[in-house]
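Take a look at the structures below.
Paired with chain B in one complex and with chain C in the other, chain A is shared by the two complexes that follow.
Up next is the complex of A and B:
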């Protein structure tokens, strides 16, 4: 922030001091109090030393940062650019390596059930990030209610499968269609809105969907949610210890010993496939008229209209497409959990998905993967930090935004060149 | 203009009000095919507002605007802005350049051909499935883009980000992009603004080329009198939203009313003495 201003010793010290004060003010409520559970009753204890430490750490950090700037800038500030450029050159290679790694991950010696489970979680967010990337990154429509479509997908699958007994693979496309329908439903009223206003309305939409799910007792089961959602099968082969009447389980069919891991790994591959499908779709559609129209709309809506592009259909198609992938991801989420409730679809989910897109670098597919690993993967690892997890998370966000204000990877390569259709 | 065939664009009694301000006031004029019609006037005369009415960004409160295609007239005031571009085939550029800045130069020109590509690709489905039909349409679009890139001298910059081009190139790219929509009428809002004399001269060549080779009508807002006098076939002069003169460039520049309203300094020198005295007394 002070990159252009020349910094003096005095300025650096004052700045660090102010930073320390702010940290102390923030730390007082966050770290300063503690509930003491004595034998008789709860009482409040103080931890003022912690507050002092927090203030000191921020003071020292801020001072160090300022001094670094004084002596000619952060040493490796351009690492990100280099990374971006490198990724640009070897993008193909890197993507294939990532896909290869993701494919063999469950079979690597160090991977266990919990790792595959976490990876599945990360992949759900990668897929959601890629879906939202269509709306935010490509079409430039700031959507803060994306979780609504995720919820619609999840509830569609849960309701269809529990009511009609349809299988996951039949319900999946239907859930995607329903979510896309909701995407259009949201799109209509917000056609004229952009930027902040659009963000607020979509935020409201997300909350409305959640509140409806919570209160429409007869259909959605209200706060209790829906349980007993059928698990997916591999062409009709269930992942169970014992087969239902006249059937065969996955383990029996392949002559394996039953293990709970099979289902975990199977689910992992399902979401990997769905996510890659999303990615493939996005990469392709970016090179097609619709995809280019999305990007053009992001750049300048008025110019679009002057060229005969109809902003209504372009926006609706972006909302619908993004929502469809969220719907797929939602169905998967429902079948994985076996139980869903409105709890899972709160605003914080939308915020995390949006953070993944922004942090990854708007429009960057690989960036989304990195950001999802960072935002969903790392916090899973650092569960030991307990209640300070979110604090660490926030700190990491601040650092990244300092380091790469436009996202981790933010280079864009043209979708067409004169050489040919490539 | 022959009696049998109506002019390309007929503007009749168009009035555009913003509150109490008459930005365009009961304006009538017409623009012919294969001609450059210049619209000039002092700052705030209502030129851009007129363009916004013709291209559908504003809906005038009063008036009729007819664009005569070979197969009959299209009434512009009834169409949405994007339909004016796609159905009536009126293309425009903007006073403050509006490119798709973070897309490549070539992509800008391909987006301009959205209509054709969309039809050919069945709303992108054919493209998604990689059908040959789409590839053919894309090839055609690329050919047209290449043609216009060549025309405006940006062939070597096809893959550059549009926003990174120098100002003069951005102006030319905007014209190329408008031409890629295959218009019958091209409206240019101050295309020479900010260009150096050499670029401005090249622009004249480009515009007369478009008129002579492509046989379309051009509507040109311009402050640079060397451009207006050099290339336009007909000049319409606005002041406070009203038309104060309409004539050939030679006669317009000698029109006392025009000189009074439009005090172009460089024109002063070659005014006839009696007009110069007129102007002196007025100011």
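Up next is the complex of A and C:
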């Protein structure tokens, strides 16, 4: 699209000039003036030089872009396509290499506690992305309230363990079941809706769950959340400096010197295992009748119906399955943090997870990993930049979408197709 | 009875504001079939720009409230419309014809950008503005309760009605409106018949943003506090209003806005203020269950 139009010097300059002018007009109210709240009243401060800077930056950027286009030096926009085409042969290899790397990561010489911690965070989002991929990527249902199930999973583990003292490994499947149950209960009335209506209703449910968590003081602790959530154990061996009476700690059992790193690494492996489980499940279920029905439904609902498939049940199963994995991820999140509050389950989380799925290329499992690394991993490194982090995050979402509208790795076609397919 | 009347008045005022925002959603959805997630943020920008414009004009103009407000209204509409235009140009236009979810993600990204941009450039603290339009009329008085209708509420409702009338006239009577409706029905066919589709879409965004800007100004005056986060919830509720009324339908957006405003005011008046958002969404779910295309929406006919 870019290379076909020839651009003259003059055109490039005018275009950049107009761009700069627009930027100045945009910046004038928001950057040029600043609201100052003093003790007396609100007043307005000036910083008109910022407007000039904004205009200059846009002018220069626009000019550089145009010149690049003129000389044909714009980087090949189809890099990703070629990459995914070539990945076709090596994809198998690449995924095994990634799994291998993920397995040895905590023991590599350069990895320390914070790196493993960040990797754990990324893996949570990978798992959530894979879970949502079932709903959005495979079944084609747009879910903007996925975080609701994540929250249900987290709160069910937190409540079960703090009230009844059940261990993480008992609660994990229960949390998944609860989340799936919620998925069915919420999904049942709304799954008749199509496309964007479904999106807004799921968004509404996400918000409802958060509001309830925030206001049901007796059960959820309200805005203060739940703290003191027990940590997981390895077959009953806790990761503590000193064992509770009559027990042994992990370090004692294996004759190691106690170190806080053990727990971090253990948590990392737990989430790696859970994430891989999600992946394996997705890869397998795609080939089962129900998985094929999901993909068929995504491609053409009317055709499905005329072949005697019941769209509601199929959608419901996809919804519940995705919710279950979100529930697993949620209870892992609760046990890792040791503290949860409604703050962690805002709409922005749903948006991030959806962005990971779409940026990755809907339905592509490797794409989800790449997108999670890009969207969650990178900003974790720039945590020091604090407020600019989210700005860059949103900007990255827009730019990646503009650069690769169908995701980093292009959308996958149905697993099974007739004639000439795979 | 008095209490009910008061909640009714509050609800209608709130509903007018939601309705103005909802129009932006419903128009954009009708024409390019995307949820413009950044629209709530455009409204938030409108609130900030109006506050800045008002403060500047009253400082320069010697403190006349009426002139200050009128200038602020005009300035806000122009600059916010420019923001709306720019957002469409940067984040949505290149994605026309892309897979359906791409513009949605781009819109969510844009909304995050605008929110954080405002937080950085204007500070995260809540911005208070002392009441500008004071006073009102007392409609009814009993021993326990006084029903009052403030001048501000009258102004908000009147301005909304005027804008709606003007807007309806533009859509139904002018060449621009005709092009807009044609593009909404069939973008490709409209383009073949000589409608400049890009310009029509841009105009749609500009009009939507200008209306949201007015809503921003109203909220600044009505609540007296704004912060960078107000766009999110208002945006969701306005979108809910648009869906409730039947997305793509302009009278529907107004009706939906009014209903959401009423539900919210009555719910917080009679039940609990904490769960007012839950009430709005629950009504939405109920309505969609029985009328899947909203109250005034046309049923979608699917051709094979």
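Here is the rule we go by: the second predicted complex is superposed on the first by the 348 of 422 C-alpha atoms of A that agree within 3 Å, B and C clash if a C-alpha of one lies under 4 Å from a C-alpha of the other, contacts with A are read in each partner's own complex, and residues count from 1 in each chain.
FYI, contacts are C-beta pairs under 8 Å (C-beta built on N, C-alpha and C of every residue); 3 or more make two chains touch, one makes a residue touch a chain.
Remember, it's a predicted structure, so these values are computed and weren't measured experimentally.
Q: Once chain A of both complexes is superposed, is A:302 in touch with chain B (first), chain C (second), both, or neither?
A: both
Q: With both complexes overlaid on chain A, does A:310 touch chain B (first), chain C (second), both or neither?
A: Only chain B; A:310 stays clear of chain C.
Q: Would you sort A:212 into first (chain B), second (chain C), both or neither based on which partner it touches?
A: In the superposition, A:212 contacts chain C only.
Q: Which partner, chain B or chain C, is in contact with more residues of chain A?
A: C
Q: Once chain A of both complexes is superposed, is A:37 in touch with chain B (first), chain C (second), both, or neither?
A: Touch status of A:37: second partner only.
Q: May I ask you to decide whether A:402 touches chain B, chain C, both, or neither, giving the answer as first, second, both or neither?
A: A:402: touches chain C, not chain B.
Q: State whether A:283 touches chain B only (first), chain C only (second), both chains, or neither.
A: neither
Q: Examine A:63 and indicate which partner it touches, taking first as chain B and second as chain C; both and neither are also allowed.
A: neither
Q: A:177 contacts which: chain B (first), chain C (second), both, neither?
A: neither
Q: Does the superposition put A:293 against chain B (first), chain C (second), both, or neither?
A: first
Q: Does any part of chain A touch chain B in one structure and chain C in the other, and if so which residues?
A: 302
Q: Flag every residue of chain A that touches chain C in the complex, lowest number first.
A: Those residues of chain A that touch chain C are 22, 25-26, 28-31, 33-35, 37, 41-44, 136, 142, 189-190, 192-194, 196-197, 199-201, 203-205, 207-208, 211-212, 214-215, 302, 347-348, 351, 354-355, 358-359, 362, 387-388, 390-391, 393-398, 401-402, 405-406, 411.
Q: In the complex of these two chains, what residues of chain B are touching chain A?
A: Within the complex, chain B contacts chain A at residues 55-57, 81-83, 85-86, 91-92, 94, 98-104, 106-107, 110-112, 114-115, 117-118, 121, 123-124, 127-128, 134-135, 138-139, 142, 145-146, 149, 155, 158-159, 177-178, 181.
Q: Residues of chain A touching chain B in their complex?
A: It comes out as residues 281, 284-285, 287-293, 295-296, 299-300, 302-311, 412, 414-418, 420-421.
Q: Which of the residues in chain C come into contact with chain A in the complex?
A: 29, 35, 45, 48-49, 51-53, 55-56, 59, 75, 79, 82-83, 86, 90-91, 94-95, 98-99, 101-106, 108-123, 125, 127-130, 232, 236, 239-240, 243, 247, 274-275, 277-278, 281-282, 284-285, 288-289, 292, 300, 302, 304
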